[in-house]
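Per-chain numbering from 1; labels A, B, C and D assigned in written order.
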Amino acid sequence: MDYIYEHEMKVRDYECDMQGVVNNANYLHYFEVARHEFLETKQVNFHWLHERGIDLMVARVDIRYKYSLKGGDRFVIKLLIRREGIRLIVHHDLYTLSDERLCTQCTTEIIALKHGRLTNGAIFDTLFAEELNKNAL
Amino acid sequence: MDYIYEHEMKVRDYECDMQGVVNNANYLHYFEVARHEFLETKQVNFHWLHERGIDLMVARVDIRYKYSLKGGDRFVIKLLIRREGIRLIVHHDLYTLSDERLCTQCTTEIIALKHGRLTNGAIFDTLFAEELNKNAL
Amino acid sequence: MDYIYEHEMKVRDYECDMQGVVNNANYLHYFEVARHEFLETKQVNFHWLHERGIDLMVARVDIRYKYSLKGGDRFVIKLLIRREGIRLIVHHDLYTLSDERLCTQCTTEIIALKHGRLTNGAIFDTLFAEELNKNAL
Amino acid sequence: MDYIYEHEMKVRDYECDMQGVVNNANYLHYFEVARHEFLETKQVNFHWLHERGIDLMVARVDIRYKYSLKGGDRFVIKLLIRREGIRLIVHHDLYTLSDERLCTQCTTEIIALKHGRLTNGAIFDTLFAEELNKNAL
């Protein structure tokens, strides 16, 4: 499978804890940023959807930490997606830019609510038709 | 299995995002707080260990979000632990206090580094002998 | 002047940076928590006001850092308030609990918006009549 | 006076609270990022200094919030600096990129510690000679 989107970032010093490495929770922030940036390539954003009663919610996260990012490190997050019933499965691989080391792997299950009620996820096909079809081949 | 430790907290408004619910990353912060509070019952803390060259690191997190916390919600995190090779497995159940609703379930794998090198995890037996033995029976 | 409210907290390890002390931005979080807890003693909260079109916004913060909090430190935030035109001035003194050392002093100016428009701040008199009158004497 | 450094950023959705705007504490994070990026143009960074026993600490922050940033907003932070005794005074102006609106103004006082002891701030002259001289003219 080919990555469908890549987003580059840089560690901010305040994201590191007293061990000098990025605190484990902040990786979820990074992955959210990458997903929201990908969403913006579809000419919609998180806030625009929320105002129309649609909330994309994280239902599950499975993240493996292999190598710790430090203050100032540059990295890239690469995304894969697929549908699985009502869910959109988003896989995130995070690599350092300097030596392309795989630091973290994360699989997230996303569900879509409409006015607070769970939907069948058809919106994912609407939003991400191109990427979901390509990967289905 | 019985829970070995419980820690009560309250959602802070800044932890909520524009959807009005706690952002998914902040649950990892909550679980870290509960683990560190548990650690303090052993008369050691994260910082004390770090200064002695011992770093407890999160190697994997698997978290399921079932029900969203909102601003001001009071909740309790209940912990279970077990050894699995070099890893300490910590399971966290998060319940609202008002109606005892199970909001989030999280399993975390912890490893111990000494001066930056992976250890066999013997320190977990030293620190948590009482709880690991009780649960082994 | 007498403090009108006190709120105790404890530093969470993830709030500390690689210098081993609480990152400067997190103090603003602490002060927000103290203000929102004080607000709740009036049987309203930030979210309840927001849903009624009323947003209390921070217009200015002036904070002096005298002594750094470290991981696990317990502290208390003590509040003073007064009206100044359309603004509510909230002063926060933060002391460690162990040795009552004054760590941080912060003065915040709060304004009230109704449906996005600046108000004359009359709501502050409604909410905090007791404390504003007492201090006026 | 001319700005000595500019750093562009974009609001991340998790930095917004339930009011849909960036939480007031996060601006201090933004300003720290801008200062640390500026520092890196001098071929040193926060971590490198810390490992050599030098800690640059924020002693005071005075920040005025004029216009709120929202999710996805792009903005630029522009810096001015000057010496004032043992302190480095850093002024930050934050503008939206789309319409160049001045959102926030912040003045920060920075002190330098060496092995935990307050210094006379000579390191600021060493690090920022070019900018401090230019502005002194």
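Simple rule for what comes next: contacts are C-beta pairs under 8 Å (C-beta built on N, C-alpha and C of every residue); 3 or more make two chains touch, one makes a residue touch a chain.
Remember, predicted model here, so these are calculated numbers, not experimental data.
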*Among the chains, which is located farthest from chain D on the basis of C-alpha centroids?*
B
_For chain B paired with chain D, centre-to-centre distance based on mean C-alpha positions, whole Å_ = 34
*In whole angstrom, what separates the CA-based centres of chain C and chain D?*
23
*Find every residue in chain B that makes contact with two or more other chains and list them.*
13-14, 18-20, 23, 25, 29, 32, 46-47, 71
*For this assembly, give the contact graph shape among line, ring, star, complete and other.*
complete
*In the complex formed with chain B, which residues of chain C make contact?*
12-14, 20, 29, 32-33, 36, 40, 45-47, 70-72
*Tell me, which parts of chain C touch chain A in their complex?*
13-14, 16-20, 23, 25, 71
*asked:* Which residues of chain A touch chain B once you look at their complex with the stated criterion?
replied: 18-19, 23-26, 28-29, 32, 46-47, 50, 55, 57-65, 68
